[in-house]
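Just passing along the structure, written as C-alpha cells.
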C-alpha cells in the first residue's frame, strides 16, 4: 500500500547481442521497442503498456545489471526514497532519459548485492490493441512464446533476511511463501508481493552476491505453457525443468536458458494472495514437493546454476 | 493505494433459505461456514481464507442487502471513514459481531442506492489447505462449481457518475473500462478496480436504485467455466448467457440465476490492469462486441433483468 | 469394418470466389492447395495429409454439391460399388483427375437427395511437418482458426431412415446417437460413424432434399474453440450458436456462417464410440439439452437455416 | 479393417492386492467392477462401457500376465484365429467365464514373449450415464485421476520385427511411428494402430521377453494431465517422467509407478492417423526429442526399468 506497483524493468547481460535479440524477439516473443546509444536493446511483453520491461546489453559475463519497480507517481518516488534513506539505505538518482522512455530512477543496493531501482515514469506505448473497443489479443500474442508480462525475478545472494526487512518495512511488500532451511528456522528462500500477485520478487540465500536465478514471464494458460515448451524445443532452447507445477505458489512452469545461460521462466497460475494472508511455510523435508509438485524432486541444476 | 483490499462480503436475499443453501453449497459449491441468530447463512469460496464472503437471508424479494470491502487494518478503516465524511458522505458503524466472525463495519449509502461497507477484520479460517507445505487444491475444489473467490459485483442504479467520483477520489479505485451511451459522452457502465484485478466492482446506469445485476465468482480456467456450465445443466440452473468471452475485460464467462432469480457469474481470465493504465472505452456501436465477443450480440435479458 | 475411412472431401458453393478464398484461407485458416480449370479452389486443413478436403466453387446459390468418403483401396472401392448396386443403388464413376490429385470416384445419390462419393486415391502432400522427426505443429497451425481436419457434415433432407439403412447395411457405419421426434418413435436426427469418431456424418429429417446444415472442423482443445470465436469476431463472421457444449456427442463447439451463408462448425471433444456401443437416444423433451447443454435451449436459427 | 477393435483388457501382477485396489480405485480412479474366485480384482475406466479392462492379481513378481483385444464379433474371432493358425501361430481357447463377464478368448504367444488374446464378448455395463439423454460426465469422472479409457500398452521383448509382421499381416494393424536404432535401419520401437488412435499397442526391442513398460490411460485434456500429476503427488505416487509432451505421437503425458512398480501412463492428445498415412520415423539422434519434446532428453529410468 506504499505505491510500489510492479517489477517494471530488468537489465540483463548477454554474450552476443544480435543472437540474443533474435532469441528474445522471435523465440521468447518479446516486442522490440528501441535501442539506445549505449548499445542496449529494449523489449516489452506484448500485453504490457509501458515502453519497455526487459533490456539486454552485450557483456563478457551473463547476469543481471539491475531491476526496477514502477511506483504510482513522483510523490511516491520521493517519499520512498526518503523512507529508504531514513532506514539507512543510500540512494542515488539515475537521470531521466538514461533509459529510453523512462523518467528519473532512484537506485540503491540491496544487502544481497543486487542493484534495485524505483521509478515513476515510463512512456505508455500501449499493447498494440487500441484503447477504444479493443480485441482481446492480436498477432503479437502469437509471435513466439509471447508471454503477457514480465512477472517477477528470483535472485540469489547473501543475507536475504536483510532484504526481507527492507521490502516489508520500507517498501510495503508482504511475505507470501518461504522455505526454511534444514534447521527449521533459517529462511532460505522468500517470495514477496507488493500487490496480489503471488510473487513480485523472490530471494534465495546464496554466498555470492548479486546473482540471477531467473526472470519470469507470465503465460495465460497451462496450454500456453505447453506451447512455450514446444517452441523451446523447435528452437533448441535448453530447458532446465518443466513443464511442471510448483507446490510453492502453485505456479505451473517451464524453466529454460537464454543463449547466454540466463535462466528464464514461462509460467501461469498460482493463487492471488493479499497482505492479510498468513505466510505459507515450506519445511526442508517438503521442499522437493514445493519445487516440483508431481515429481517431488530437487533438481540439482535448478538449485545451483545462477548467472 | 488507500488500503482498500477487495470485495470481502455481500449479503443476498433469497426466497427459500434451505433450497438456496442446497444451491449455493452443492451446485455453486461454496463452503458453508456458519449461521447466525438472524437466520443468515454464511458461505465462502473454497480458496478464500476469511470466514465468509457470501451471505444469504430469506426475504420476500430477491436482491442485494449490502456489500463490504475489506481494508488493510483499523487505522485504514478510520482514515477512510473520515475521508468519506469529509467528502460529505454520512457513515454509520455496524458493531463487531453483527456478522459472524466480522469486526466493526463502516456503512454508507452510494448515490446509486446501494449500501456499501468497509471493514478491517474478519477471522481467517483458512482455505482447507494447511499453511505448512500445502497441496495446490483439495476435495472442496471439486465440490460443485467451486469458484476460487467472490470476485466482484455489478450493480445497477441511478447516477453512476457520482459513484465513480467517490470510488476514484475517496476510496482510491481507478477506472479500468467504461461503456459510453449512444451520445458518445455519457458513461453508461463503469468497471473499477482497487487492485490489479480487472474489476473489483462495476456499475451500470439504471433508473431504479440499489439493484443487483450479478455477483461474480472466479474460476481457474476456461475448462473450469465449461465444467461450471455442465454442472448448471445437470442441476437445471437457468443460464442467461455463455459460455462466451466478453470484449470488455476479456473475461470468459457464464451468467446464470440462483433459485430466487439473483444472477451470478462464473468467469475466468481478463487482464491485470494497474492504476497507471489508460481507461479502455467502448462506444455504443461496439457494445455488442464488448458484451459477447464471439456473437457480437446484445442479449435483452442480460441487459434488463436485475434483482 | 468395410474399409470406409473418413469424410475426405466436400464441395461447397459460394457467391464470391475470391472473398471466399480469403475467408477460408485467412479466417478459417485452411491451406489452399490448388485451383482447377473448372474454377474450383482446393483447401485442406493443416494436419490433413491428403491434397484436399474442402473445395469451393462460385455459384448463384450456396450449399453443397457433393461429399466423398475415402476408402482403404481400389479393391474396397470396387467391392462397395458392387454392394451398393446389389442393394439397388445406381452408381456412376467420376474419372480420375476430375478433381485435382484425386482418383476415380464412385458417385451415387442418397435418399435425402445428397450426392455422395467414395474414392480410394488422393495424393498425399503431407501436413507440412516432415515424416522424419516431426515437430508437433508449425506456423500453419496458427494461421487463422486452423482446424486440424474436416471432421464430418450434418445434412438435411427427406427420408433419413433410408439413408441410415444404406450407411448401416452397405457402408458399415453404426448409429452413435439419435434424436426421436415428439412421437417418441420417429428418428428425426442421426449421428453415424464409420470409425470411432463420434460422428463421421449426420442427417436430420427435412422436407427439402440435398440441404447442408454444416461442415464441421476439428479443433484441438476447448481453448482453441475460444480462440476460434475470437477470430470470428475479429473478422466480423456471423456466429450462430456457441461457444457451448452439445449434450449430443458431448462436443464443444461454435457454429458460424461463411460469407455465402454456409454454416460451419469449429468443435472439439466428444467421446470415442465403437461399433459394439449401444446407441444413445435423445427424446424430444431433452433435445434442448442435447443441442445446447448449458443453456438447454432450442435455437431457432440453428434448427431451421440450411443452404 | 479386420475387425480388431481395441485393447480391451490387460491383467497385471501386483504385490499386495488390497493396497493395489486402493491405489487403482482411489488414486488412479478406476471403477471396481468385480472380483473372481481366482482372487482377481476387475476394474474399468469410468467412460468405458464393457465390464472390465484392467485386472489385477496378487503375485510375487510384478508385470503383465496377458492382454486382450476385443474384436467385432464371434465370426471375426473365428476368422482371426484361423488366420493366425494359417500364419503359423498356435492358439488356444480360454473358456467363456474364465474372466468375469467375458466370452471365449483366443490366446497365443507373441515372438516378444507376451501372451495376447482376442475375444468378441464382454458384457456391457455402461459408463454410469444412461443411454437416454446422458449428461457429459458424472461423479466417477472426478474420483481420483479418472482416465476415460485404457488406451494402449507398451511392451518390451525380443524380436519386435516378428511382432510387427503379425500385427500388420494377420491382425490388420498399421505402423504409425517407429524409432530406428543407431544404425539407421533396425526398428527399435514400434507404435501400431488398429483404428485411428495414434497407438493401440507399442513394442520396444529388449532382450528379456514378456516385459511391461507401461499401460496407458487416456485423459481428456492437458489440464486433466496436470490434475493427474497433482493427485500423484498428494498420494506420494512415484513419478518417472512428465508432465511433458512426446515428440513421438505428440501425446502429452505423465508416467508413474503403481505400488508394485508397474509403470502406467496418464496422457492426452496426439493426432489421429489412418491406415493410408505414411509412417513417421524417428532416427536415433532425434530420439531424445521424440521421447521428451521440450527437454530433448533421454531419461535412463524410462528407457530401462520394466516389470
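Letters are used for the chains, namely A, B, C and D, taken in the order the chains are written, and counting of residues starts over at 1 for each.
Just so it is clear, a contact is a pair of C-beta atoms (placed from the backbone, for glycine too) under 8 Å apart; a residue touches a chain by one contact, two chains touch by 3 or more.
Which protein is which chain? UniProt says A, B, C, D = Metapyrocatechase.
None of the values given here were measured: they were computed from a predicted structure.
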Which chains, if any, touch subunit A (Metapyrocatechase) and subunit C (Metapyrocatechase) both? B, D
What's the call on subunit A (Metapyrocatechase) versus subunit D (Metapyrocatechase), same or different interface residues, using the half cut on shared numbers? same
Distance-wise, how many Å sit between the C-alpha centres of subunit B (Metapyrocatechase) and subunit D (Metapyrocatechase), to the nearest whole number? 48
Using Cα averages as centroids, what's the distance between subunit B (Metapyrocatechase) and subunit C (Metapyrocatechase) in whole Å? 43
Subunit A (Metapyrocatechase)-subunit B (Metapyrocatechase) separation of Cα centroids, rounded to whole Å: 31
In subunit A (Metapyrocatechase), residues with contacts to at least two other chains: 135-136, 221-223, 230, 233, 245, 247, 289, 293
Examine which chains touch each other and state the graph shape they make (line, ring, star, complete, other). complete
Within the complex, subunit D (Metapyrocatechase) is touched by subunit C (Metapyrocatechase) residues 1-3, 5-6, 47, 49-50, 70, 72, 76, 124, 131-136, 148-149, 195-197, 220-222, 245, 247, 250, 269, 271-272, 274-283, 286, 289-290, 293
Under the definition above, what is the set of subunit A (Metapyrocatechase) residues touching subunit D (Metapyrocatechase) in their complex? 222-223, 226, 229-230, 232-233, 236, 239, 242-245, 247, 252, 254, 289, 293-296
Quick one: which bits of subunit B (Metapyrocatechase) touch subunit D (Metapyrocatechase) in the complex? Just the residue numbers, please. 135-137, 142, 221, 223, 230, 233-234
